[in-house]
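Here chain A shows up in two complexes: once beside chain B, once beside chain C.
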Partner chain A sequence: MKEQDAGHNEIVDTIRTKEERSRFLAFIEELAGRLFRISKEDAIRIIQVRVPECAVAATMRAVTDLPADPETVKGVFEKLERALLALRILRVDVAISPTDAVIEHMFSWVRREVGRGIILDVICDRTVLGGARFVFEGRYREYTLAKKIEKFFENDREYISKKFLHHAS
Partner chain B sequence: MRLDFNNCLSEIGEIGFVERVVSSLVYIEGLPGVKPQELVIFETGEFGLVTAISESSSEILSFSHIPVRVGSRVARTNKLLEIPIGGDLLGKTISPLGKSIDPSRPLPPAKETRPIDIAPQGIGSRAKISKACETGVSMVDLMIPLGKGQRELVMGDQKTGKSKFLLRSLLSQIKNGAVGVYAVIGKNQLAIKQIEEELTKMGILSNVVLIVSSADDATGMIYLTPYAAMTIAEYFRDNGRDVLIVLDDLSMHAKAYREISLLGKRFPGRNSYPGDIFYTHSRLLERAGNFRTSHGELAITCLPVVETVQGDLTGYIQTNIMSMTDGHIFFDHDLFVEGRRPAIDPFLSVTRVGRQTQTPLQKEIGRALISFLRNVARMHNFASFGAELGDHIKRALEKEVRVFQFFDQTAYDRVPQALQLFLFGLIWGDAWRDKSRSELRILIQKILFMYDSKQEVRERIDGHISGITRLDDLVKALQDINISSELGV
Partner chain C sequence: MVQAFADIAVDYIIFIAFFILVMLWFVIKKIFLKGAQSEHTPPSSSADILLRAEEKALRVFNSADARALKIVEEADKRAVMIVGDADKRAAEIIHSAELSGADIRKLLEISLQEVVKKESTRLSSVSDELLASYRTSADKAQQAYMRTLEVASNTITGDAREGMLRFQKFLEEEMARQQNLLTQFIQERRDGVLRDIVTYKKSSLQKIDESIYGILLLVSKEVLGKTVDTETHQELIMHALDSAKKENFFTI
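Entry: the complex of A and B
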């Protein structure tokens, strides 16, 4: 049991984004539906295709250590599913389409500064221009370039219009 | 803080996302600090009201008639729902959120806003109802009198003349210096336009605030309408004016609230109405009354309207509102079909506090009328047998015709109180005994016209009835009067 829990944690810890979590959940659903009707080789092939790359190794190890008893296996999958659904999502709106390296960098920072149990939902929104917007459990923080520019024009409207008028004249 | 989505988002720092939409109810995820009854704003700029909060989501009553999209963002405003108020509202037709319904005639920015839903004032600030609320309808003023600050339910089937009565009451009260507030709840656009035109024709629109929600507006807007109207009425009261507020009609309001509650999975009670339907209306009607204010005693007189079906007074909403008001006026469909205008059944109508505002003469007239009409109703039963009628029965039936001719107000809107007493004295005695129905009608119209247009006629009529406290004295004083020479009729 303890080995199974360690296996859970290892898999859950490798999931970095909401998209990866959705793929893994789809994988669990597929595997659970075909349990004991497919060979080990087929299972490994499914893992390689369906599971996000970051979680492949951990998943392989977990599947290899699975007991033979079908009820226990079902329980293991359900527990894993619950653990994944319990992950909290930090939504980040950025101006670029993030690469895997960027996601890894962001995820490491979150893991280090905030803690475990949080995954990212990185959205590319070009209106942001630069910086990022964060939404976490209903809380909203905006540190975007677009917001700074808007605030600058709002606060210094008089100064800016004077400057333009001065130059125009 | 400006009520703009982006502003609210950055000031409060909380965001929600719409996860499910069920007609007017929107379920959102997020907004951890949201409070019950708080106003929220969608990214489209539309508003909503928080009606329930659970662990995973909040339930919002949307005021937008365009369906909210799943996934759209919502921000908190950290405010309760408030409506902008001010003297500028007079003569305007507005939505329950305080915006003009005609985009070409926007309202100027309001200096003050007030919460729409507040607790009614306690007993300490209330005063006994002592002043009469003249409706200008003789039958009501004499037999079912109203007082300023009274809540009198107006009920009847559709198309029985209720709206006409309400408009006449508004006319009468506005002529006496009050402000009118008319809440049109969930009616069709044509009916709203007709009411507006009637008020314009009567020349009183500039003293009335019309708060409207049409049948195709969002259910949330229909639900808000009477509360917004009452808030505006309270503003004018606090600024030194008596107010007459009409809520047309609360049966539609009850249906809208039922829809919201059933969609929100509240447990249905009798007739599928929610368990708190009584509270929904009682907390509204309790805000009317006669109050002690810094400007003296001022009243909000409330005329809620409820529609009945085939004259059934025993319906759930009807009996609820009958129990929370100070009386009711019942418009009978059968009387309407017979041609009676107004089609009020005086035997099924009740006033609980109006009589204490009447003069002794008016009280005596009211008692005499009720007693007389009851006796005559019994006499009709004998008359239907076809047997020969005695002289006293014939005289009584002829008197009944005169009385109903006096009550008939098809052609004119308002009969001032002094003139009511004058005309009644002529009708009750033998002065007009030999007049036919049409002669009576013409005479009454002429007298009314002269009273309204000539100062000396008004003074003469008022002089005839001043100081008279008994019905017999009134009849005696008017017995030998020559209408043609006295009034130039």
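Entry: the complex of A and C
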């Protein structure tokens, strides 16, 4: 049982984003639905196709260590599902479509500086211009270039707005 | 002989009486027809119709009564006169034939008087019957006429009322329909205008956003002193995370 817990903790640790979690939950649902009539080879093939790349290795290991009893496997999946759903989400609005490297960099920072059990929900919003806007546990904070520029021109807002409107028309 | 004259006189009297009755019948019929024709006079209003119908009916029947009475009286007079003439003529015939004796004359006179009396009585009876019949007919006709008028009047009144109600209903329905159409038209126009406004607003905002974004990119470049490339973006994001941590944003 301890081995199984370690396996599913390893999987949970590899999930970095909300999108990866959704894909993994869909994989669990599919596998659980075919649990009593699926071979190990088929399970591996499904893992390779469905599971997010970051979690494939951990999932492979977990599946190899799984007992043959389908009921026990079902229990492990349910536990894994609960653990995934318990992850907290840090929403990050950025001005670019984040590459995997950027996501990995951010996730590593969060894991190191904030702690485990947090995944990212990265949204591309070009109006941010640069930097990031965060939403976490119902709170909001903005460290964007747009905000900095807005503050910079705060005193001449009317003038700038007129310029924008003139440019837009 | 006397009997033969008497029979002739009786036949003559009967013929005359029959002629009078026929004439009387035509007169009465004419009066009734005149009254019946007046029923077809187009009315102006329900109240006027009733009033006029009543007045006309009364006039018609009063006139009919008077005429009938006059006719009957005249018929009686003529009958008496005719019988008298018949008597006179019979006497002349008898006298000219030099066949009259005192007894025969007396018998003839008695016979004629009896005939005259009998026919006068009969004629009077006929006249009475005719009058009674006429009065009954008149009453019936009057009632029928009144009923017809009443029905016609009611029908006209009912028709008028129904027509008014129908017209009122039509007006109300038409007004409601027009109001619905107007409301619908206004609503459609309003929706259309709102749609146009929303589209225009969206388009304008998009233009503004694009302009702002373009200007801000330029400004960003000026502010940062360089173009914001992927590496710079990553630096800015990591810097944002550091700032958030410093401000204890991640501390619950």
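Definition applied: the second predicted complex is superposed on the first by the 154 of 169 C-alpha atoms of A that agree within 3 Å, B and C clash if a C-alpha of one lies under 4 Å from a C-alpha of the other, contacts with A are read in each partner's own complex, and residues count from 1 in each chain.
One rule holds in what follows: contacts are C-beta pairs under 8 Å (C-beta built on N, C-alpha and C of every residue); 3 or more make two chains touch, one makes a residue touch a chain.
The structure displayed is predicted, hence computed values, not measured ones.
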Legend entry - Touched partner set for A:109, first chain B, second chain C, both or neither: second
Inset, instruction - Could you tell me if A:92 is touching chain B, chain C, both of them or neither one (first, second, both, neither)? - result: second
Inset, instruction - Specify the partner with more touching residues on chain A, choosing between chain B and chain C. - result: C
Inset, instruction - Please indicate which partner A:124 is in contact with in the superposed arrangement: first for chain B, second for chain C, both, or neither. - result: neither
Legend entry - First, second, both or neither for A:141, with chain B first and chain C second: both
Inset, instruction - Look at A:149 in the shared chain and tell me whether it touches chain B only, chain C only, both, or neither; answer first, second, both or neither. - result: second
Inset, instruction - Using the superposition on A, tell me which residues of chain A are in contact with chain B and, in the other complex, with chain C. - result: 137, 139, 141
Legend entry - chain A - residues contacting chain B, complex: 135, 137-142, 147
Legend entry - Residues on chain B engaged by chain A in the complex (per definition of touch): 9-10, 13-16, 29-33, 75
Inset, instruction - In the complex, go through chain A and note every residue touching chain C. - result: 90, 92, 94-96, 99, 102, 105-106, 109-110, 113-114, 126-127, 129-132, 134, 136-137, 139, 141, 143-146, 148-149, 152, 163-165, 167-169
Inset, instruction - Could you pull out which chain C residues touch chain A in their complex? - result: 204, 207-213, 215-217, 219-220, 223-224, 228, 230, 232-234, 236-241, 243-245, 247, 249-250, 252
